[in-house]
Every structure is written in C-alpha cells, then in structure tokens.
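There are two complexes below, and they share subunit A, which is joined by subunit B in the first and by subunit C in the second.
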Partner chain A sequence: MRKKRYGFIFFLIPIFLLLVVFRYYPLFSAVYHSFTTWNVISSKFVGFQNYVLLFKDNLFIASLRNIFIYILVSIIIITVMAIIGAELIFNLRSKLSAFWKYLFVVPMIVPYTVFILIWKFIYNPYLGILNGSLNLIGLSSLTQPWLGSPQTALYAVAFVGFPFFSTAQFLVILSSLQNLDRSILESAKLDGATTLKRVFKIDLPLIMDKIVLIIILTIIWNFQAFTNFYLLTFGGPGSSTLVPGLYLYQMAFENNSMGYACAIGVIMAIIALILVFITQKIEQLIIK
Partner chain B sequence: MSKRILIFTLALGIVMSLVMGGIAFADQATSTQATPVTLTVYFERYDYPSKFPELAQMTENIVKNYEKLHPNVQIKLIPDTFGEETNYETWLTAQFAAGTEPDISWEQYYQRWVEKGWWIPLNKYLEEPDPYAAPGQGREHWKDCVPNFVWDSIIAPDGNSYTVDLDWVETGVFYNKEIFDKLGISPNFTTWDQFMQDLKIIKAHGYIPFDFGMSGTTWTPYQWIDDIFTTSAFADQVPEMYMPKYSELYKQTYDGEEWRVLTPEETAKAIYDGIYSTNNPRFVEFLKLMKQFSEYWPSGFTSLDYDSMLSLFLSGKAAMVWLGSWSMPEIAQSAPFKWGLTYLPPLSTEQIPQLPKIFQDVSFRVGGPNGAAQYGITIGAEKNHVVSWAVDFLKYLSTPNTMGKVAAASEMYIPMIKGTEVNPAIAFFEKIASYPTRAFMDPEGRFPPAIANEYGTIMENYLVGSINMETAQKQIQEVLNEYVKEMASEYHYSWYK
Partner chain C sequence: MFKRKLPLIIVIALLSIFAVISLYPIFFIFITSFKNNTEFYGNFWGFPSKLRWSNYSQIAGNVLTWLKNSGIYSLLNVLLDLTIASLAAYAFVRYNFKYKEIVFYLIIGLLMMPGILLVVPMFVEVTKWHGINNIWALILPWTASDVPLGVIILRRFFQSEPIELFESAEIDGASEFRIFTQIAIPLAKPALTTVAILDILFTVNDFVWPMLIMTNNSDKPLAVGILQYTGATGSLTWGNIFAAYSLAMIPMIVVFALVARNFVNAITEGAIK
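What follows is the complex of A and B.
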C-alpha cells in the first residue's frame, strides 16, 4: 500500500498565506468595517446604519441604475462584436489570417489609462476626432458633446473601445471556434450550408457555453467599472454616469467615509454574485 | 525577608523602567536638543522637482539651512510626484491607514475637517512666540505671521485651526488678445450687462465666449462662479449671518461695514435660520444668473476638466478662460497667441435688485488659502514624539526669507507672510486680491465633500437641463437641511434645537 505524502502542503502554504493576506483579509475587513464608521485611524460599530443610509441614498440608487444600463449595453455590443471579429478571423482562408489575429490583439498591450485618455480626446466636443470626422463628412448636425450630455454620456462610456476586437472576450470566442471539430464543419460544407447558416446553426450552438462565460466575465468586470468613468466623466453630467465603483472611491477618498465605502463594496459583491448566479441558471436552461 | 527584598526590587525596577520609558517617549524637542529627530515633510508644489526644479531647489536649501541650525534634526522630503490632487488624497489615506503618514503635510484646509483625528489643532502653538520672527515686525505670536483674514478663511467647523497657510491663490480671466482685437472688444468690462453683450458677440463669431468646465476629477472654476453669484445674491443679508463669537476673533470690514468669509458654523446657522434657503428669492436670482451665464460656456462643459479647459483656450477656440494665478506660467509658456488678464465685472441692481450700494461698483474676489503652502501637523508627529520640532520647523517656514521667498519666486501664488515682497509678475493678481472677498466659500469648502458632491450634482443637472429650477430648489434645500443636521450633530451647536 502506498504511503500518503503530505509534503505538498509545505509548497501550498506560501500561496495560501498570500491568498489570506491579500484576498481574504481585505474581504473580511471590508465586511467588518461596513458595520462601522471607519475613518482609517478609528472606527465605531454602528450596526446596519451604513446599509440603511445606502438604500436611502439617491446617488447610490442612481449609480446602480447606471451600472445596470452600462452592463446591458456592454454585454450586447461586446459579445456581438467579439463573435463577429472571431468569425471573421476564423473564416479567413488566407496566409494573412495570423497577421489579422495579431493586429486585433496588439492594442491590448496599450496601458488602459492611455487607452482611456485617447478616447477622452476622441470624444472632446471641439478638438476630438469624432466630431471632427462628422463635420468633415457633412454630418455636423450629428455632432454632440458626447461625454457632456446626460443623454449620451453613459452610452459614450460604454462604447469606449469600439469595435471591441482587442478584448479577452474576442480571444475566448476565437479559441473556441478554433477548437471546434473540423469534421462537423466539413460535413456542413459538403451538405451545402452557407457560411452564415453554419455560423448560426453550428458554430454558435457549439460554443454557447463560452458565450455564457464571456457574458459572466463582462458582468463581473463591468460591475466593478471605475477607471473609465473616473477618467472620462467622474460621474457627470449630474449623476448620469455615476457608478458604484466610482461612488465608493468618492466616499472613501474624498469624504473619508471608509465604513460607508465598505458597505458599498459589500453590496456590489452581493449583486455581482446574484447576477452571476442568474446567468449560470440561464446557461443551464439553454444547454438543456 | 529575602522575598520582600526581591518584591521591592522588582517593584522598584518596574517603576524605574516606566519612568525612564516615559522620559524616552516624551517629546524629543523638550527632552534634549541633541536627541536625533527625523521629520518627514510633504511640501506639494514647492517640492516638485520634475515640474518646478528651481522652487524645489529653494525649498531644499531652506531645509538644509534649518538642519544646519539644528544639527540633531534631519528632514526627509517627500517630493510631489502625484500629478493630480486626487492621487495625493488616495496616497495620504493609505499612509494614515498604514500608520506611515508624514509628520507635516500639505492638504486643502477644508479637507482636514473631514479627516477627523488625522491632524492636530494648532491653536495653542499659534499663541506661542515665534523665535524666527525678525524684531520690529510686530509679530508677538506665531499667528501674527499672516494677516487675520487668512485665519478667518481656514477656521474649522469645530472652531480650531489645523492649517498654517502661508500663500494665497488669486484668480484672473485670461483672454486671447487676437480674438478681442479682431472683434473690437475691450477687455475692461465695466458692467455685467455689457459683459453679456460682449459674450454674445464672441459667440456669434463662432468662438467659445467663456471657456468653462465642471468635470470633477480636478478643480474647476465652477466653484468660483458659485461663490460670486451666491455672495452677490445674499450680500444684503450676509451681515445677519455673522455670529459675534467669530466677529470678535476675526473682525474685518469693507468700506466701513463688517465683511468677511462666513465660517462653516455661520453658514450652517444661516441655513437653519432660513436665510440661506432655496425658498429665499435671492436663491432664485442666483440660479437664474447661473443659467444665463452658462449659455456662453462650451458645449459639454460638464465633461471638461482643468486640462481640457486649458487645451481649449490654448487652441485659440476660446476667447477667455478663468483660471488661478498658478496657471500663469503654463499659459505664458504655451499660448501661441498674445494674451492678457482681466476680471469679471461687478453685478448691479439690474441683476440683483437688493445688491448693497457698496458692492455695486466692485467685483468680489474669490481667491483663497488654497495654495501650495497649506501645512498641518499629523498625528504621526504625535506618535513619533516630534510635535514640538514640527511646530518649530513650521515657525521657521513662516518668515519672509524662507517660504515667503519661495512663494514669491513661484509666480503662481501670492505670499501671505507679512513682510514678503510680492513678485511684480503677479501684480495683477495682487490687485484682484484687494477686492472685497466673497462671503460664501467655494461649495467644496462651504460643505463637507459628500454634501458638496450632492450639491454639485444637482447644479450640473440643473445647468444641463435635466431638472428644472423648482426641482433644483427642492433638491438643494434637502441637501442644505442634511448639512445643518450633520454639522449640528457632529459639533453640538448650541443654537440648534
């Protein structure tokens, strides 16, 4: 009988310690401090007061509404564009297909902040490329203060990164397509299926689990959205682009209400978990 | 017997070690001059080597001279590498959380009010004599290093002073001379009506009349226009808002009448008394003026921050931009056109029927103690037992030959230290500084950050047309009431029932 070996535990301990210190400790600390008025150097237990105030806070409610719209818009455009981009590359029967793939992926190495600042310039109402291009092609009537109007600001932020080919979602879909069984695709071709028909009848159903995965990832990442809103609008005009991540930051670092900020963080985590749970249930229903 | 001796010896040992420990932990400045002391100091723009190398050199020389004077003291400088103020705030919060905060640090004076327990009150030290003051300057106490109106502007809601403020920001309207000449407009605006007419002409010629932004990542001039319009609208009622306890402390006048910045408590009481109220017709005038003026701001002004505003002006698309004295070096260096400085004209009874006579021919200034020399002592200094040395170093900085010289050389700020010569390059701003002060502080300083944020959001919604005037009035009144309630429960104001 083979003797059980426990040496591996020693190799796991450092990782486990790092996980505890940098992941679990902040998590439990945030949950604990959400029940206090914490200003970094002292805290007082206040029970559920922060949560009660939070659900009466109009700005927080507005931030939730904005983030749901933002997630919905993002899911639709990112998923659709990721599928379109991946199918274009996948169906390209040329020696240059690898080149196109790299071309789509290379922009991912641009630092995110730089990328956002470029979009800020694109949207500038007077000096930006977008309005400049519209003026150039005689569509001046369509020019807008994209980030400065409550009607367009949230959607403008959601469209940052368009056409979304340089995303992890695009890579997930592309690799799933490349892993499809070639014999199925060949059979479809022999049976006379057009490319479009094959995409809808074969490709998409076969990679549905990956599509659900990218939807889950988009929900999780976008629910925590902060940098793009911080750099582009800081929540304005008014509260039209205020999102929970940004509100949490404002409460923590401008108002020094760390306890309140922790309560926002806890609520964000709970909502994200619920959204992921719902998405997984939908996935199970679709796969059935 | 031997047991008793042992217990006695042990007890004596414990007592002695406690006493010795106490001595060792006592503030090092009071124990012995030779005890090595390290002070960590953050000077903000005055030690920003990558952007202002000459100023940083001057500051470092001051530090070296202080170290020569006190060989046991070593000063560690934390250079400004933060770029934006929000980055600094995040860093400072993290330092306090980790217990590694500097002993002396810069901070916007009003931000200290919400950073409760981070900073130590300086009141008792301000009454101390200042060993570095030159004789004959009339500086009996440390607080005499700057004029009274500086202290008046930075008093906290609890009545304490947490900041020593050695310089001053003033503002001016930078204008594009080429556009003005082309359109035949004089930059010497005399009345508000004429100013509006000029803005109309500029707009009709395809220029942005008044470059303006409200995006919140950095400071924007929205704060100032709110001050001027609120002050003008309520000017006749401001004297009713003054509380005797502050008037006795910081008596100031304009044209013989008491006139100074309202303290946070006075603002709260004015709301409580129903004077500073959105139901007051004066508030409606304020909102109307704001809306009227916003017609001449750039399209999408709510998304423009300081950098975007500056770029717009420098691109030659905007005729004017209202910025602080700190922007002058940048504009001087980058503007590809001839530019000049002017200021907003005074409002009149045409706009505000109840505007007092003394303010009908003069504009309000909005400058304030928001410069680079706003220093406070943190609780870190207390933990490190170096408060006395921190105070001593700040006293050393409060002379015309030290920070006075640096502020003057900056060409960005007006030195506030008495006896400092003002740099002729900022003479224009010094002239503006002689105008009567606004009574209402910037919303950022008037209210705590969360309230200021809510107030700003409502004003943005109103200005972009998302809500109408009635809704704005209703929502702002709720915010004002919330402010009074919060302040009264925090500071136990006796007038609040």
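What follows is the complex of A and C.
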C-alpha cells in the first residue's frame, strides 16, 4: 500500500490554489501594508509608524480594554449557564432531555443578523421587551437605555443571547455529560450523594477538559466579535463599546486608513495567538 | 432523610423559565408581525385582532430575493468546500509525502487567524479587479475560510474508514481517483453532512464580507439585506419589520426540522474538532 508517489499533488492543487489567493496572499499583504500608509489607490512605506501610533491611540487602548471586559464577562456567564442548562437537562430521562435540548437549540438557527436585530429591539428603551417587562412587573425603577448608556452598554452586549442555551458551548457540555460513564454516577447515587454534591465532586471534575475547551472557544470567537457590536452600538456611546474588530473596520472603510487598519489586525492576530497559548498552558496545569 | 435528587418539578420549572426567556422574543416577533401600528402601540403584549397578511406582502419581494440569494450562495459554497476539502483530506490519509505534517498545519493553522484581518487586503484586491457585486468574489473567500475545518473533519473520518476496502479496490486496479469517488466519498456521508451544515451556518450568518462586496439590493444575501428593516420609518411599520424577521427565519427552521439531530451533532463536532 501507499506505493503511490506524486498523486497527492493532484488532490492538493485545488486547496492550495484557493488558499494562496484568498488566505496566504492577503495575509502577506496585510502584514506588509501594516508598515505603510495605505488607501485603495496608493501606499507608502513608513516602517513601524502605525504600530507606534497605535500604542498611543486612546481609542485603540479603549477597544482592547472593552474586548477584555467583554470576553471575561462572556466566559463567566456562558460557562456558568452552559453548565446549569446541561446539568438540568442531564438530570431528566433521555426522551425528555432530547425534547428540551432541541427546544433550546431553536434560536441558534435564527440568522445571526436577525437574531441581533431582535435583541436590539429587546433592549429598545421605549418599545423594548426588556423595559416593557420591567414596567409590567412593577420594576420601572430598573428600566434603562441599556445600549445607550456608557455604564451598561458593554454588559448589555455581553448578555445578548441569554440564557446561552442555544450555543455550541452548551451543546459541548451536554454531550460530554451524556457520554460520562453511567456506573460512576450510579455508585454516587448509592452513596447517598445529593445532586449538588454529585455535580461538583463528580460531574465537573470529569468534564474539566471540555470546560476548558469551551472557555478557549469563547475567547477565540468573542475576541473577533464584530457583527453584534456593529449592529447594536457601533462602538458607542462614546467609545464605551468600541472593540478592535470594529475599530479596524472604521479605520479601513470610513477613515480610508487601511495601513493603520492592517496594523490593528496584526496586533489582533498576535493577541489571539497569545491568548490561546496561555489558555492551553493553564489547561495543562489544571488537567494534570 | 435528605433528598438525593433534585425534584423533577424544580428541574422542569427552571427549564421552562429559561425556555420562555429564550423563545418568547421569537414568539413576540411572530405575533406582532400581524399587527398594525395602532395595535403595536396600544396592545403591545396581546394578540393581533386579525392576521394582516398585507404586512407580509409589503416586504415579501425583498426578503424572498435575499433568501433566494442566501440559498444560492450557500449551496455554491457548500459544493466547493466539500469538493476541495475532501480531495485534500483524502491526500493526507492515503499518501505519505515529505513535510506532510507541515503542509497539514499550513492549512489548519489558518483557523487561528482573525478573519477581519484579511478583509482589508481582500477588499482592495477585489476593488482593483472590479469584483464588487461579483458572486465569486463573495463566495471564494468564504470557501477559503471554511476549508480548513472541512479538512480536519473529513480527514478524521477517512482515517476511520476500513482500510481493507481501499486495498482491495487497489488490487482490482482501480485508480486512486476512482477509489476516492466510488468508495471514500459515498462512505463519508455523515462527515460531509456535518461539514455542509457548518458551512451553511457560516455563510448564512457572515455579515461583514457580503456587506462590502454585495452592494446591489437584488444581489444581497439575507444577512445584509435585512438591515433595511431595523426601525419603523415612513410607511414601514413595526408589523412590516417583524414580518420580515419572521419570513427570514422560516427557511432555516424548515431545514432544522428536517435535520435537527445532524445539526446538533455538527455544532458539537465543529466545536470539539
């Protein structure tokens, strides 16, 4: 077997043609142009000028601060809610659990733009479902312009999608619980462990690797957040919800500063690599 | 004695509360899609007094066009990705060659890259080649961003296929391409389904690239076109807007009803990869 020699080239030509034109070349171009001032028509080499400017740019620094808060809040609420949801469903009999699982997945198939626009309406200060519900149950004092106030806007964006049961993170936790060895759980039951005790002493330690995985996924995905911020706040009010992806977009397509935008993108790529690297190191420590 | 199990009634109650939070907005959008502005403001929480289909007919032309575009673009992307990714995955499983590992990481390493970084240089290239509103300028970058995940999933699946099948076909004198199309691909249906579902989700949900490339209203995919319906202005009522959202959700709900199990598996597998 495997006597064939060069046939593999034929199988790999299409993918490399595609990737060279639409991945590697643009990547090279982005890195190169991050050292230039660039608009669509011309570019001029300026060395590290864009990077020097970036680290003095208060808006860029604000965008980094915002994205870290956003990621941190997301990690906490998504992970906690995914575990709560998966445990609740896991404690049901199998037929019932399938029903609930599919029910909770439904919002996931709403086209993402529509999903975000629905949340924009939920948060609408005058007509929205959230303030409307608060008024209805006599909590008018809590009503807010959720997306319109610098104190709440970033957190409001992070809570889009609550209770986060229609997420890949939830499905990963649920499937890893359902794949656990039943005999261990049965013996815990015989020992008289309460549900809560079982969750913390047995379930969670056994799926720790998957919990770390969903945290890594949340970091990678949310670090690149763009569409939700673009549609909900466009970075405002002020710069309270400006994030790097959005700032890159604004620089490139509204300011026509494409070299500067590329420098933002390169920094983003480097930070993404570092974040994943750190999380994987932490994962190795925990799982050992 | 203390309770060993969380009582079923509490579990169901909690799940119901979460289900309401999760699904009520969709339900609200749907019932409000039949209201006129008077009812929207005057009877915010209630049901509409009658089914005003005119809310739908006023927006259907646009929304159906965008949905059709999304469908065509997704289909083309799926076909391209399945072809290109399965060819590549097959090479990694059936051939041994120098630097195989490096070539593999050259492909899957792309998954770590923030997509928006490449949007700027690609947009400039597309502009130079007069590719704005060109369907391939939209789709090929999608395929390029989707193939790495496709290669991972398909490679793992090909590795699990029984090697004797390939070997006996080889002894029978079948060419490698024939083994690929006649044996490997038909067996790989579950993996191909997974990749196709993930591709459809990516293409239907992607926003920034189609917003930049597709500027003609009649060429826009749904994700971009729907931005026309964000607030009631002029003759546009909230009923119209929510009719547009409801109509936009229907095709995916139909697809979901048909392949719910595959869908859940695809998301889980795509995340674990």
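Just so we're on the same page, the second predicted complex is superposed on the first by the 280 of 288 C-alpha atoms of A that agree within 3 Å, B and C clash if a C-alpha of one lies under 4 Å from a C-alpha of the other, contacts with A are read in each partner's own complex, and residues count from 1 in each chain.
Convention: a contact is a pair of C-beta atoms (placed from the backbone, for glycine too) under 8 Å apart; a residue touches a chain by one contact, two chains touch by 3 or more.
Remember, it's a predicted structure, so these values are computed and weren't measured experimentally.
Q: With the two structures laid over each other on chain A, which partner does A:L147 touch: subunit B (first), subunit C (second), both, or neither?
A: first
Q: Between subunit B (first) and subunit C (second), which does A:I15 come into contact with in this model arrangement: first, second, both, or neither?
A: Only subunit C is touched by A:I15; subunit B is not.
Q: Tell me which partner A:A252 touches in the superposition: subunit B (first), subunit C (second), both or neither.
A: both
Q: Have a look at where A:Y230 lands relative to subunit B and subunit C in the superposition and call it first, second, both or neither.
A: A:Y230 sits against subunit B and subunit C alike.
Q: Of subunit B and subunit C, which one touches more of subunit A's residues?
A: C
Q: Which partner does A:R23 reach: the first (subunit B), the second (subunit C), both, or neither?
A: After superposition on chain A, A:R23 lies in contact with subunit C alone.
Q: Just subunit B (first), just subunit C (second), both, or neither: which does A:V40 touch?
A: Once the two structures are laid over each other on A, A:V40 reaches both partners.
Q: If we overlay the two complexes on their shared chain A, which of subunit B and subunit C does A:V106 touch? Say first, second, both or neither.
A: The second partner, subunit C, only.
Q: Can A:V114 be said to touch subunit B (first), subunit C (second), both, or neither?
A: So A:V114 only meets subunit C here.
Q: Where on subunit A do the contacts with subunit B and the contacts with subunit C coincide?
A: Residues 40, 127, 230-231, 252-253, which sit in both footprints.
Q: So in the complex, which bits of subunit A are touching subunit C?
A: Residues of subunit A touching subunit C: 1-2, 4, 7-8, 10-12, 14-15, 18-19, 21-23, 25-27, 29-30, 33, 38, 40, 85, 88-89, 91-92, 100-114, 117-122, 127, 129, 132, 136, 162-163, 165-166, 168-169, 171-172, 175, 189, 192-196, 213-214, 217, 220, 223-224, 226-227, 230-231, 245, 248-249, 252-253, 258, 261-262, 265-266, 268-269, 272-273, 276.
Q: Show which residues of subunit C lie in contact with subunit A when the two form their complex.
A: Residues 2-6, 8, 11, 14-15, 18-19, 21-26, 28-29, 44-45, 70, 83-85, 87-88, 90-91, 94-97, 103, 107, 110, 112-125, 127-128, 140-141, 143-145, 147, 151, 163, 166-167, 170, 176-177, 180, 204-205, 207-208, 212, 222-224, 226-227, 229-230, 238, 245, 248-249, 252-253, 255-256, 260, 263-264, 267-268, 270-272.
Q: Quick one: which bits of subunit A touch subunit B in the complex? Just the residue numbers, please.
A: Touch residues, subunit A against subunit B: 39-42, 59, 123-127, 144-150, 153, 230-240, 242, 250-257.
Q: Residue numbers of subunit B touching subunit A in their complex, please.
A: Residues 86, 89-90, 93, 96-97, 114-118, 208, 214-217, 298-305, 308, 311-312, 315, 317, 379, 448-450, 453-454, 457-458, 460-461, 464, 466-467 of subunit B touch subunit A in their complex.
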